[in-house]
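Common to both upcoming complexes is chain A, partnered first by chain B, then by chain C.
Up next is the complex of A and B:
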């Protein structure tokens, strides 16, 4: 692949990551949030595939397939199933009703966080200054920060789980963009842990609905000091 | 032989889990959990004895690593695991008798506890920082349902907060690991995340990148260790989990997470100089101690009281790690063991108090010493151990941490920490004396002493350790040397 095409495609994939992160932050309907989350999974898998083709790295190709299976198929499916159950229980479309920060302020925060990501990742980009992938690391960091921001401002259980996964997508993107390989066992273990954590959270969401009658986390006021 | 001993602490609890899965919980299998924990302890002791004086050794194709530090951590896991699992049969019988559990929930409880032990053993035996991460996140997953076991509103809320906050914290650590991996690859270290390679080649790591990685790793694993500011899950989870699980979570899981911080420190210090980790850990230590002190003063729930005391002790560990000398690290490790034994037996006793009195509240429990002298004795001596009264080993280790703090130029921080420790001790004594003394709130309970033997034995062991640590001292110093890098 010519370098110019590679850089262009790389920027496209990373741009898609950031754009979907902002869309997830912007939208309130859970169905839309989950859809954009799935799109982000595809972008992430495309990024891994691109790096695999560029580096002629079969192992990275397998990682790309794994990322696609987990983040574009399995996790969105799990989330959609949780959403379907919640809608069946409440008989109404599920949406984030009252986030702690309103839409305009959230989008401004995303812009600030992106700038912050560029400032924070400067040592990382300086580490390998002639690698185009390293210059995209700040975008991965921005997705992590936006995910963290969404996590602390969303108040519905399902929205929090999606925000957690958004953060996790960002972390995976940073891992891919540093182009330093980890051992396959570590990558498998990490993916398995993420999948299991989401499974656990899904079961707990069901229990919260059973015991509290809703999944609005503001209802969680039993335990405090 | 040694390879078998290295695999046993992971394999035995896994087999135990399979056995419970197949056979279920019945009188014949009630003690299987304790037997498996006893085997873990025996394997850890055998490993420490046979390998005494040797350096690190890897097994399973380089995937697991036994050095003095992991051997010591295995002893802590085995000892507190044995305490908690030996107290489980009596506790589970009490719950089943009270109709709060069935043989099915007891079986599920036992499966998860065995997996929990295996995950902790894997975390301290893992040769790669990546596997340490996977195992520690694994503990979150298996304990989530243990925290939410009672299925009440409070339990559901505690389990949600636990999984959400710990997974987020540990995700921050994962980012740190990936960043560190980038620095390692740039420095030409093979196989990325191997702990021994990283520590040996640390001086070649890029400073700017390593600084980001270490901050992320310490904050991330600090979440799981219950260090402020990301401690919010701890009092809820430890307060709501079943008593034997609280004993394990408070007694060992926090220490296992702190073990990861010590490993990070062993990489960070040669790369960045000792100052960076020291200031980070000192800030976390003081924040945790101050938070524990402020919330212990007015505490009304005795299990939450014990949970905040765990935050205090994690703060003390962080202070010792900030001091960072070999003596300080040895004291930190002894403190982990002493705290595990004391806090473990206190949580087991607290579970018993809950079964006898039916209330979580400090002021609901009055005159415990008149109702159940044996139980009151365990609680009383446990709290004395916790606040560092001699002869308990926490006295020796707190003294060691304080001396190391003053000796390494952390004078003001250590002095402030000691003041906070005194405040906490006063608060704990006040609350517990209200529970133990006064006119009894109910009639003398029958058979309340049953199942307390493990707690009493653990407290005795804690006291004996404070007087005579014997051959353990050699192991402690060897383990401290693996962190400080000085032989």
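Up next is the complex of A and C:
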């Protein structure tokens, strides 16, 4: 692949990552959030595939396939199933009704976080100034920060799970961009961990809803026997 | 200032003034067809304007000169923007003075004048419309500036003509994340600034939801015609800016009749396509609540900031 095309496609994949993160923060409907999360999974897989093709690295290619299977197919499917079950129970509107910070303010906060990501990742970029992948690190870092912000400001359990996964997408992107050769075992371990975490959180959410009739985590203030 | 820019400027003013009502007519026609109506035809806005211009000019009692000069000022600022921005030719009639700040300020000045005129009438709806319009304007301007600024980082100049020329010489630039994010932000801003669904409904006369229509409620006859003409032209200018900044192909770069004809045809077809797409998208959308408009505009501002940020991040060695 010619270098110019590679750089352009790499930048495009990273731009798509950031844009989908913004859209996940912007939208309230869970269905829309999950859809954009799936799109982000595709962008992340494309990023890994690009790095694999560039480095002629078969193991990274396997990582790309794994990322696609997990983040673009399996996790959105799991989330959609949880959403469908919550809708069947019809106990609450299926959207983030009252985030701790309103959407306008959180979008402006995300703008500040993007600039912060640029500031904090300058040393990382400076390590390998010749690599185009290193220049995209701030975008991955911005996704991590936006995911963390969404995680602390969302109230509903499903939105928090999605925010957690958004943050994890960002971490994976930064990992891919910094090392460009994550060992297959490490990536496999992380991916399985994430899958397991989502499974556990899903069971927990189900129990929460059965017991309290809501998944608003702010209501869990006191301990009961 | 050169011959190409001046010819282009004159041509643009004529094309936009003559074509803007047709654009409005086209959009109404597309909307009507999609809703299953026959529609009044593309020429209807021009027939409406002709009818209005023949009427006697009346102004409400107690209004001042601001009310009378606002329509003229609105048309004048829009025509100036239409002359200096690069639409048909890649050169500008005003040379390097026609940078993004000048064009954005010209367009904002028209809106601000109209808001003043609306307050001048002293009616409840005028004040309400003006307050809403200025709220939207205050949120739109930063996004507009920041997103065009993201494009100017790549071109190394804030002159619109230089940005267009840079995109022409390097077409791959359009597909960079900075350019794509800026395109989305600018599209949202265009919708908000020209008062289309989902920010404002141009067809409504329901008092509680009006924004632009509430401001011009007291106008009648030739003044109303001027304002209607200017709103169509503003829509045309914004769509033209989008077309020139993101798809500048076909724009005239030399002063030959053939190049100018191709440039005019390309500009007209791009704007018509953009307007038709906008009208088609409107059919599937509902107007959002006024209190959620800041959310939409904050989102587009964030996209614009991301565009600037990524244009700085991703300018590494290739």
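The rule is simple: the second predicted complex is superposed on the first by the 217 of 225 C-alpha atoms of A that agree within 3 Å, B and C clash if a C-alpha of one lies under 4 Å from a C-alpha of the other, contacts with A are read in each partner's own complex, and residues count from 1 in each chain.
Rule of thumb we're sticking to: contacts are C-beta pairs under 8 Å (C-beta built on N, C-alpha and C of every residue); 3 or more make two chains touch, one makes a residue touch a chain.
What you see is a predicted model, and the numbers here were worked out from it, not measured in a lab.
Enquirer: Could you tell me whether chain B and chain C fit or clash when both sit on chain A in the superposition?
Expert: Chain B/chain C on chain A - fit side by side.
Enquirer: Which partner chains sit in contact with A:104 here, chain B, chain C, both or neither? Use first/second/both/neither.
Expert: Once the two structures are laid over each other on A, A:104 reaches chain C alone.
Enquirer: Once both structures sit on top of one another, what is the angle chain B-chain A-chain C taken between CA centres, to the nearest 10 degrees?
Expert: 150
Enquirer: Considering only the touch criterion stated at the top, classify A:164 as touching first (chain B), second (chain C), both, or neither.
Expert: first
Enquirer: Figure out whether A:208 sits in contact with chain B (first) or chain C (second), or with both, or with neither.
Expert: Once the two structures are laid over each other on A, A:208 reaches chain B alone.
Enquirer: Give one of first, second, both or neither to describe whether A:15 is in contact with chain B, with chain C, with both, or with none.
Expert: The second partner, chain C, only.
Enquirer: Given the touch rule stated above, what does A:185 touch, chain B (first), chain C (second), both, or neither?
Expert: A:185 contacts chain B only, not chain C.
Enquirer: Which chain, chain B or chain C, ends up touching more residues of chain A in the combined arrangement?
Expert: Counting contacted residues of chain A, the larger count belongs to B.
Enquirer: Can A:118 be said to touch chain B (first), chain C (second), both, or neither?
Expert: second
Enquirer: Once both structures are aligned on chain A, how many angstrom separate the closest C-alpha atoms of chain B and chain C?
Expert: Minimum over all C-alpha pairs: 18 Å.
Enquirer: Taking the stated contact definition, name every residue in chain A that is touched by chain B in one complex and by chain C in the other, in rising order.
Expert: none
Enquirer: Using the touch rule from the top, collect the residues of chain A that touch chain B in their complex.
Expert: 120, 122-124, 126-128, 144, 148, 151, 157, 160, 164, 167-168, 171, 174-175, 178-183, 185-186, 189-190, 192-193, 196-197, 200-201, 203-204, 207-208, 210-212, 217, 220, 222-223, 225
Enquirer: Which of the residues in chain B end up touching chain A in this complex?
Expert: Going by the criterion above, the answer is residues 63, 128, 130-131, 133-134, 137-138, 140-141, 144-145, 148, 151-154, 156-161, 163-164, 167-168, 171, 174-175, 178-179, 181-186, 191-193, 206, 208-209, 211-212, 235-236, 239-240, 295, 298-299, 304.
Enquirer: Give the list of chain C residues in touch with chain A in this complex.
Expert: The contact residues of chain C facing chain A are 172, 175-178, 180-181, 184, 294-295, 298-299, 301-303, 305-306, 309-310, 312-318.
Enquirer: Residues of chain A touching chain C in their complex?
Expert: So the residues of chain A in touch with chain C come to 3-4, 7-8, 11-12, 14-16, 18-19, 22, 26, 102-104, 107-108, 110-111, 114-115, 118, 125, 129-132, 134-136, 138-139, 142.
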